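The structure is given below, and queries will be raised subsequently.
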Amino acid sequence: MTIDDILFHAFAFVAVISALLVIFNKNPVYSALFLALCMSVLGAMFFTLNAYFVAVAQITVYAGAVMVLFVMVVMLFDLKRESEEILKFSPVTTAKVLAAALLCGFLVGTSWLGVTAVKDHLAGQVAPGTLSADLEKPIDGKIPKSIISLSAEDSDESTIKATPEEARELLNKMGGNPNPDEDLTAAEDAKLVEKATATESKGEPIEEFGSTVTLSRALFSKFVFAFEAVSALLLVAIVGAVALARSKGGTHHVG
Amino acid sequence: MSGWAKLWIGTDMGNGLLEIIVNTIKIALIFFAVVSTVPLLVWVERRGSAFMQNRLGPNRVGPLGLLQLAADAVKFIFKEPFVPDAADKVLYFMAPAMCLLPAMLTFAAIPLSTPFTVMGHTFKMQVADINVGIIYIFAVASLGVYGILAAGWSSANKYSLLGALRASSQMISYEVAMGLSIIGILMKYKTFDLTKMIWAQTGPFNFIWQGHIIQPLSWLPNWGIFFQPLAFILFFTAGFAETNRLPFDLPEGEAELVAGYHTEYGGFKFNMFFMGEYGHMMTSSALITILFFGGYALPWSGGGPVQVQEFWMSHSSWLSQVIPLATGEAASVLAMLTHLICFSIKMGFFLFVYIWVRWTLPRFRYDQLMDLGWKTMLPWSLANLGATTALLFFARYNPL
Amino acid sequence: MATVMHVGLNHYLVLSALLFSIGVLGVLLRKNAIVILMSIELMLNAVNLDFVAFSKYSGNIDGQAMVFFVMTIAAAEAAVGLAIAVAVFKRFKEVNISYFEKLKG
Amino acid sequence: MLQQLAPILVLIAIVVIFAVVAIFLTSLSGPKKNPSAAKQMPYECGVPGISVKTTKFPVKFYLTAILFILFDIEVIFLYPWAIVYTDLLKKSPFIFIEMVIFMVILTFGLFYVWMGQALDWD
């Protein structure tokens, strides 16, 4: 057992306990604070998964912004502790708990069995871009820098040849190519080959998987439509929130 | 080696039991260094303010009133442990720690100096070398709001709650402007790593225009402030608001809100809020130094830290005779000390400016403060971002 | 035991499933609209964990990119959801979910 | 993996231990607790307290928080963009144009908020 394993179990324990406290605490202020804790722990877990920027973004956005809003609203309302029991014994409550447990069972079962099945299926035939055959071992892909960096200006003469398919595949995998399905011209193909092979022969400094640069390249090329859609979503949310907050309050009338 | 120590091998805590122990001690030392700088800053603050207002300040206890710090500490420790009846007990006790922790965690990512090597073991002058350093600092700093909100709410006092709400609203308002203001400089450095930022600022002032390196004023250091002066002003101003210091100390406006969110706190618990505030102040001074003033690198030193290391390589034979160290190791230790002093001077200057401004400017009104954040700083940082983007577009985009 | 304790993709998926189910349970059990919104945030977080874990174990960065979009949606949902909750609170002095039945267009 | 996180965890442990020990020890070192009805009341500058808490707070506080979330997301998208901007610009102006569109849409949101007086404190 390595420290990674120990930490995963520690983080998982804290995350699950704080998640349970979110829903079973009668005081909404504590619920919100425990949710912030849960989100921070998940952020730390992302850090151990090499998703550095995602981890800090998770803490900034969820723990630092969204949950602050929740805490502020709960404190402003000055909601009292709920007097009603959350888990009182009744057929409806039992059904609810059973439904959630069943959902949990399904999710755990499918993910556990599914991963094992994929593992068995892929044993021996590793295809790049698919799940790695041995799912106990994460792909800590060390990716040559000049494959990621499309702007690498110099490309020396190559000794080892990579096929255009391989080069393109590597680029697609990193999200470096804005249009993975687009047919490249012969000249562009040649360039890709050059780049891929130049790296192999030169042994340049390598970039770690999950680096922010790789992520940004994917975010602003492959996901450009989603990125622009985000701006529209935020605009709508701004307008909606302002309109709602400025309204005199309430809906129409008490029924 | 015990099993527990073995687990840490391969992490940034070092390789081997010795390095792990030394690194743990180093982390504790940096923490206590930050904590013990607080009374010193308080002393500077009180003496400095007295000097500015033509008073004497604390001058009775010890030389120059320096022992006043010890007297204050003793008083903090021997106060009656007081808890208001209506308080939410758990949060009331946790809130000071929730304020202190983010302040200390942000300082952890600050590179204080170059790494040094002793007996073949290399140690970094930094608690954690995080490759997304600057965003990490912003992320953790934004968690500081919880301590304030928790303190205000758990005290069950309306002054506390209103003070906490004011403080948190103000902090989040200025966080946006703060985040936006540094994007221009990030475009230039192309990294989130604080050490790489320092290295990007070595050498003389230069920039790239259409593929050519232009060096108009070679006597200027290559510091960020010369590229982004407006960003510096915005960042510095936002720093005051983030630390809730004058002229932005509305949360603690004595006339209206008593002492703000820590009205109901006393003794050591109050002291921890204080440590948190000064910790944030130190982190923000250190960040300004790193982003805009070349960090620990000496200005006009040519190749920066490399040059300093080489200088000590040829001038450190005397140290090798005093203590048994290889020349390279002695040079690395001396270079580390040089850079540490350089960093302390730069950071100390900004800490002094914080104190200076506090006793110079009057307090804003709350609506003026929010207007400044949303209607002045935010548009200006957006304008700065737009101008930088456009300028870089013309400088770098070459359709040919 | 050794294989169970050795962390692989399975572990992240199971943890994510647990958190998601806890979120679902919160939505089902609680009456307080704000706690229900929190439970939804919890479910979105569980999905984020899945995305990042898959990204790591398949060597594909796309999963991490998706997290940003989930985050945006979660933030927009929280902003608008809480604005509605505040509007309801101002009217009824409580944020019980049953009051939302009285909403009219 | 965890290389960079390890020192942070150690620091968290140190700070938490420091806080717990300090608060615990100072609660022992101080004079005996000597509560009185007046002392245990919420502090009201000396006059007898009227209410424990007030529930009337301006809407502005949480409206600020809502706007903060939305602009924070914008900033989070700008960070990764900033570090690849100049590199990708060498190849095509695409990276410039996409951010211009993004920012124009969001600046429109800021304009709406401003015109709608949501940023005014009165």
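Letters A, B, C and D mark the chains as written, and numbering starts fresh at 1 in each.
FYI, contacts are C-beta pairs under 8 Å (C-beta built on N, C-alpha and C of every residue); 3 or more make two chains touch, one makes a residue touch a chain.
Remember, predicted model here, so these are calculated numbers, not experimental data.
**Student:** If you tally contacts for every chain pair, which pair is highest?
**Tutor:** A-C
**Student:** Taking each chain's centre as its mean C-alpha position, how far apart are subunit A and subunit C in Å?
**Tutor:** The separation of the two C-alpha centroids amounts to 13 Å.
**Student:** Which integer distance in Å separates the CA centroid of subunit B from that of subunit C?
**Tutor:** Between these chains, centre-to-centre, one finds 34 Å.
**Student:** I'd like to verify one number: the distance from the centre of subunit C to the centre of subunit D, where each centre is the average of its C-alpha atoms, in whole angstrom.
**Tutor:** The separation of the two C-alpha centroids amounts to 21 Å.
**Student:** Could you state the distance in Å from the CA-based centre of subunit A to that of subunit B?
**Tutor:** 30
**Student:** Listing for subunit C: what residues touch at least two other chains?
**Tutor:** Within subunit C, residues 68, 71-72, 75-76, 78-79, 82-83, 86 contact more than one other chain.
**Student:** Touching at least two other chains at once: which residues of subunit B meet that condition?
**Tutor:** Within subunit B, the residues that touch at least two other chains are 8, 11, 130-131, 135, 161, 165, 168, 172, 192.
**Student:** If I count partner chains per residue in subunit D, which residues reach a count of at least 2?
**Tutor:** Subunit D, residues with two or more chain partners: 2, 4-6, 53, 57, 59, 61-62, 65-70, 72-73, 76-77, 79, 83-84, 87, 90, 103, 110.
**Student:** Name the touching chain pairs, would you?
**Tutor:** The complete list of chain pairs in contact reads A-B, A-C, A-D, B-D, C-D.
**Student:** Using the touch rule from the top, collect the residues of subunit A that touch subunit B in their complex.
**Tutor:** Listed in rising order, the residues of subunit A that touch subunit B are 2-3, 6, 29-30, 33, 36, 40, 43, 52-53, 55-57, 59-60, 63-65, 68, 71-72, 75-76, 211-212.
**Student:** Could you pull out which subunit B residues touch subunit A in their complex?
**Tutor:** Residues of subunit B touching subunit A: 7-8, 11, 88, 91, 130-132, 135-136, 138-140, 142-143, 145-146, 149-150, 152-153, 161, 164-165, 168, 172, 192.
**Student:** Quick one: in the complex, what on subunit B touches subunit D?
**Tutor:** Counting only subunit B, the residues touching subunit D are 8, 10-13, 23-24, 27-28, 31, 35, 76-82, 84-86, 93, 96-97, 100-101, 104-105, 108, 127-131, 135, 155-159, 161-162, 165, 168-169, 172-173, 175-176, 179-180, 183-184, 186-192, 258, 263-264, 267-269, 272, 366-367, 370-371, 374-375, 378-379, 382, 385-386, 389, 392-393, 396-399.
**Student:** Note which residues of subunit C are touching subunit D in the complex, please.
**Tutor:** Residue list for subunit C touching subunit D: 68, 71-72, 75-76, 78-79, 82-83, 86.
**Student:** Where on subunit A does subunit C make contact in their complex?
**Tutor:** Subunit A residues touching subunit C: 1, 4-5, 8-9, 12, 15-16, 19-20, 22-23, 28, 31-32, 35, 38-39, 42, 45-46, 49-51, 53-54, 57-58, 61-62, 65-67, 69-70, 73-74, 77, 79, 82, 84, 86-87, 93, 96-97, 99-101, 103-104, 107-108, 111-112, 115-116, 128-132, 135-139, 141, 173-175, 209-210, 214-215, 218-219, 222-223, 226, 230, 233-234, 236-237, 240-241, 244-245, 247-255.
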